[in-house]
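Two complexes are shown next, each including chain A; its partner changes from chain B in the first to chain C in the second.
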Partner chain A sequence: MTTAVSPPVQLGWFRRNQIKLAPWLFLAPGLIMFFIYVLAPIGQSIWISFFDWDGLGKATWIGLGNYVEMLDDTNFYISLKNNLLWLVLYMLSVPAGLGIALFLNQNVVGIRLYKSLFFFPFVISQVVVGLMFTWFYAPDFGLLSGLIQAITGSKVAILADDRYATYGIIAAGLWPQIAYVMILYLTGLNNINPEQIEAARMDHAKGFALFWHIILPQLRPATFIAVVVTVIGALRSFDLVSIMTHGGPYGSTRVLSYYMYEQALSEYGYRMGYGAAIAVVLFLIMMVFITFFITRMIAQERNG
Partner chain B sequence: MFPTPVQKASPFIRISYQIMLPVALIVWLFPLIGVALTSVRPASDLAAGNYFGMPSYFAGFENYGAVFRDSLIGQFILNSFKITIPTVIGAVGLSCLSGFALANYQFKANLWIFFIFVAGNFVPAQILMVPVRDLTLRTGLYDSVYGLILFHTAFQAGFCTLFMRNFIKSLPFALIESARVEGVSEWKIFAYVVMPLMRPAIAALSVLIFTFVWNDYFWATVMVQGAHAMPVTAGLYSLNGQWVAAWHLVSAGSIVAALPPVAMFFLMQKHFIAGLTLGATKG
Partner chain C sequence: MFIKRLSLAAFALALSASTVLAGEIVLNSDQSDPAPKKAMEQLIADFQAANPGITVKWNNFDHEGYKSAINNFLKANPPDVAAWYAGNRMAPQVKAGLFEDVTDVWEKNGLNDTLKSAASSMTIDGKKWGVPYTYYQWGIYYRADIFKAQGIEPPKTWAELVAACAKLKAAGISPFAIGTKALWPTGGWFDYMDLRVNGYQFHMDLTSGKVPYTDPKVKAVFDKWAELVKPGYYIENHAALDWQDAMPQFVQGKAAMYLMGNFVVAPMKAGGLKEDQIGFLQFPEITAGMPKAEDAPTDTFHIPSGAKNKEDAKKFLAFVASADAQTKLNNILGQLPVNNKSAKPDDKFLNAGFSVLANAAGLAQFFDRDAPADMAKAGMEGFQKFMVHPEMEDAILADLEKVRARVYK
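Showing the complex of A and B:
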């Protein structure tokens, strides 16, 4: 191609500044939407958490009132404790997902279909997962209850018993989460350099030693993402609690996200300010993790 | 390959692996299989206590017919499509633009804006709930599909931008540079040089966002009240309240609600998995 580079005299202001302006013009629609619906509401929620407000009438400034109330609120502590339980037990999906990925990482006829079918639970809505497990746990005819009765001889209504209900819900949540982690690891295993594995095998590395010293370090990016999505998934748990128990029995399965919703929007009254304050606490907990992830990502951006 | 391929192992291990695969699958999908079976089970079986044996006859047409005839599930499904499809178009469209901006230009705020999108994508929904609901009420979009479309579009734009930016970064930069030297305007570079190369990313992202938004339940309960705008997740939940203990109907309804994303996943499997892992390659 020959063609003339247009003589600079004819360039308008826009064309001259194009490179500087272009990124902002490309960013504007997305950034504006993101600002209105995500960034600004975070600030507004923090602001609202200092008020007593029913969502309709006039809001009254009460300073730290909502937070002071929270300090003496047993339900808040129950929710917080359950959130921690979710966080800890949800982590089981990382080794479990890795285990299934290792099991499925073979080249036999039909393995692709098997992999997709194992991934299935992740594609299904949590509402459906919640209904499935409610049915699975149902006393009298639920399969699991039947099994427990056969083994121990006593009936257990998992979701109606405050000793077991939270564990029952977490188990339901683990099902899709394990599927998600599995797919991350399957891709990770696919990306491992086969020559390194062969070289290690030449040196008689086998079984667990090979896995621990050669495979696992190479799976680190997959592990990082798996931990990130699992932490977020655990703290976001809302759907299953709402579907399976409504936070009951006696509020024993509430988590912060559900308790917040209950305070702000349900029949317990429209306490927007108190709800917002609970959300702020949840947000701060999440921020600890977000900051950690982002610092790691920044470090990688700088290196890469 | 790790673990050692079964082909290299003894025949005993090879055969046991082949047997274990379907067994493990059945155990893994047990709740799903149970629900699928229940959805074709006649009500009389449930009354007679036959919950887990084979259905005494195939009542699929009966049950699914009843679900569509006696409930608004058809309407709910339609609403879900009305919410999901515009959101996918909107969020993917926005993020093509913003991803291009962040991948392609060096400017001071670049990394900052990128990390704001990433971080925003991680925040819990509850911190947004009160203000977003309030905004939707004030703009008159409460209890309509539009309120949900706008919110989902904006929120998903965070993840989509992360995804698109990483994808565009992996494209050969020389291509863009040479077009620039030729004097092609920035918009035309985006539209004619970069966009055609983004097709796989657009496909992958569309399937993912479709699934995410279709399966949303929280925002549907916060922003919609009436059946006229309710998506199938929230709809199914309200039907569950009506169909107390009618597990054959609950099961059929669950299968109907789960079907579109599942079908999408199977049709676009390659893109779906590419999407999940591409969004996560950096990290």
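Showing the complex of A and C:
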């Protein structure tokens, strides 16, 4: 007796490749959004930087002309120097945030209230922080100026002096940034393995040795994120510079992001092409850090 | 009968349709300070009363933010009427075709006669691009009571001014109040120094890029200015102060003079000064015999080329240009009407300003309106730097020359 064997059903292309296609389909909405709102504008900015355009009329092609001009521009180098200052000094927020987090990591009554108060600076808008510090630094009625006058007898207007203004703004920026890093570390401290600490205590480890060899390595993920966030914050620092000094006095507190805004979008800024070129330079600087972070994260994913 | 009723209905429909279309105009402006805001509210109310079919939808922006917002909304969402400034300040928008040519409004309403003093600052390529409605004088406002107490006569020449400053400084009073954080007050100082040392034509040539900043005549201006900067005749730390923040020093008697526009009088009075404590003097003569030109920045209204209701917008411009509207507007603003048929103001400072401007050898629009935007920004930064570091004069002039070579190519 012969049984009729039906020919094998030929599955459609989609059904055959479903497993390979599924990840891409899930990623598609995100990828499309990312392309439209991040990649395409980056490409457009790079494209605009090759033109001489006032933002209103016709754009003329000048190739690398904007970049050549940038090499000779003192304001560009001042902005670059200020960005480096921001980057280096903003890193102070990481140990400072860690210090405060360690301090707040106790079970005293009302500790939640204190944690909220310490976190408060990060919650308020950067513009408000900038305004408050401007009044704090003001030469005639500011608290800091009054304090310095009481101690040394001479007035110092921090934001009017091109030697100190950048440091004054960075100090204002550190206030919310330390709060942010503190919260990251508080979360990290909550996730520390208590058994490791028990074991270390039984080996008579205490104080700084306990901190350095046991606690800090376990905070590595939190430190990584804190550094990422701090670097991004330092390179992006537009709000404070804009509110506190408008890039002054005479451009000495300019950073690249503010210079780009001044050239392309502000009241006296009719140079879209040049502003875009500055934006591209800022992007390339950030790419250095982004590449470093992403390779670290991929390595961790692979090993973890 | 049916045809008659149909035609009647059609007629009624046409009538109602025309009243539905008779419009609304959208007006964008930047009168966020209290006196200008009140003046605008009055103007809009009067316009709507005189033109019952038209309503004005007014979008009032913050004064400083408007200067960045205008380039956006002219392209993305143009109103029917927009406020802006005259001269080189409106040139980028005119060259990009964002403003409507309103030469017909000028001709239809005889504005070439009544608005003659500001006509040249509204003209580019022989066409008119907007309507001016107010201007104001700049000059040195001084504490008349402090001058009297110190035995100082209002100076008429440079030598008298420097002597007065020395006397005030010796008495522990800062001669000049200024707030350079927003940069533009330095432009007023440079304008007057240049107009008095080198004259109106040279200043116009300099701001239109025909003269290099390394020219010895420009250096002469800075050298003269250094006679006020080096001995410290300006208040300390002005680079951290906005012009409003420098005001308390003038009101409290810690500073005796303030080179500013007439809009400074209202805050001075609000701060507690009485009218007889404030004096006005024209910026003194520097080069002997040089005819005196003045800064008289002009505020204007324009029609964006993308406006939807240009017809009613033109009616608004014609209304703003009229003598009565300008009299009323400037009464509240405390400034001078451009229309020469408007009633002369009865305020002591405006009267002084009126005669100063009427006899001026030329009217400059202010450094950040006469010079193109990039040059203005670099220039004013240079002036601020000079006021803090006068020893860097040569380096500053060299930097300004570099910017000029690029901007005016």
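Heads up, the rule we're going with is that the second predicted complex is superposed on the first by the 269 of 304 C-alpha atoms of A that agree within 3 Å, B and C clash if a C-alpha of one lies under 4 Å from a C-alpha of the other, contacts with A are read in each partner's own complex, and residues count from 1 in each chain.
Basically, a residue touches a chain if its C-beta (ideal position, glycine included) is under 8 Å from a C-beta of that chain, and two chains touch if they have at least 3 such contacts.
Since the model is a prediction, treat every value here as computed from it, not as a measurement.
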* Check whether A:D54 is in contact with chain B, with chain C, with both or with neither, and answer first, second, both or neither. => second
* To do: For A:P139, select first, second, both or neither according to whether it touches chain B, chain C, the two together, or no partner.
  => second
* Using the superposition on chain A described above, determine whether A:A22 touches chain B (first), chain C (second), both, or neither. => first
* To do: With the two complexes superposed on chain A, say which partner A:L84 touches: chain B (first), chain C (second), both, or neither.
  => neither
* First (chain B), second (chain C), both or neither touched by A:T74 -> second
* Asked: Of the partners chain B and chain C, which touch A:G248 in the superposed model: first, second, both, neither?
  -> second
* Between chain B (first) and chain C (second), which, if any, makes contact with A:W175: first, second, both or neither? -> first
* Does the superposition put A:E262 against chain B (first), chain C (second), both, or neither? -> second
* Which chain makes contact with more of the residues of chain A, chain B or else chain C? -> B
* Of all the chain A residues, which ones make contact with chain B and with chain C? -> 55, 265
* Touching chain A in the complex: which residues of chain B? -> 1-3, 5-7, 17-18, 21, 24-25, 28-32, 34-35, 38, 49, 51-52, 94-95, 97-98, 100-102, 104-105, 107, 110-111, 113, 115-120, 122-135, 150-151, 153-155, 157-158, 161, 182-183, 185-187, 190, 211, 214-215, 217-218, 221-222, 233-234, 236-237, 240, 247, 250-251, 254, 257-258, 261-262, 265-266, 269, 273, 276-277, 280-283
* chain C - residues contacting chain A, complex -> 64, 67-68, 71, 75, 92-93, 95-98, 180-183, 236-241, 245, 248-249, 368, 373-374, 376-377, 381-382, 384-385, 388, 399, 406
* To do: Write out the stretch or stretches of chain A touching chain C in their complex.
  => 54-57, 69, 74, 137-140, 155, 157-162, 245-246, 248-251, 262, 265-271
* Asked: In the complex formed with chain B, which residues of chain A make contact?
  -> 1, 3, 5-6, 15, 18-20, 22-24, 26-27, 29-31, 33-34, 36-42, 44-45, 48, 55, 100, 102-103, 105-108, 111, 114, 116-121, 123-129, 131-133, 135-136, 141, 143, 175, 180, 183-184, 187, 189, 192, 194, 197, 210-211, 214-215, 221, 224-225, 228, 232, 235-236, 238-239, 242-243, 256-257, 260-261, 264-265, 272, 275-276, 278-280, 282-283, 286, 289-290, 293-294, 296-298, 300-301, 304
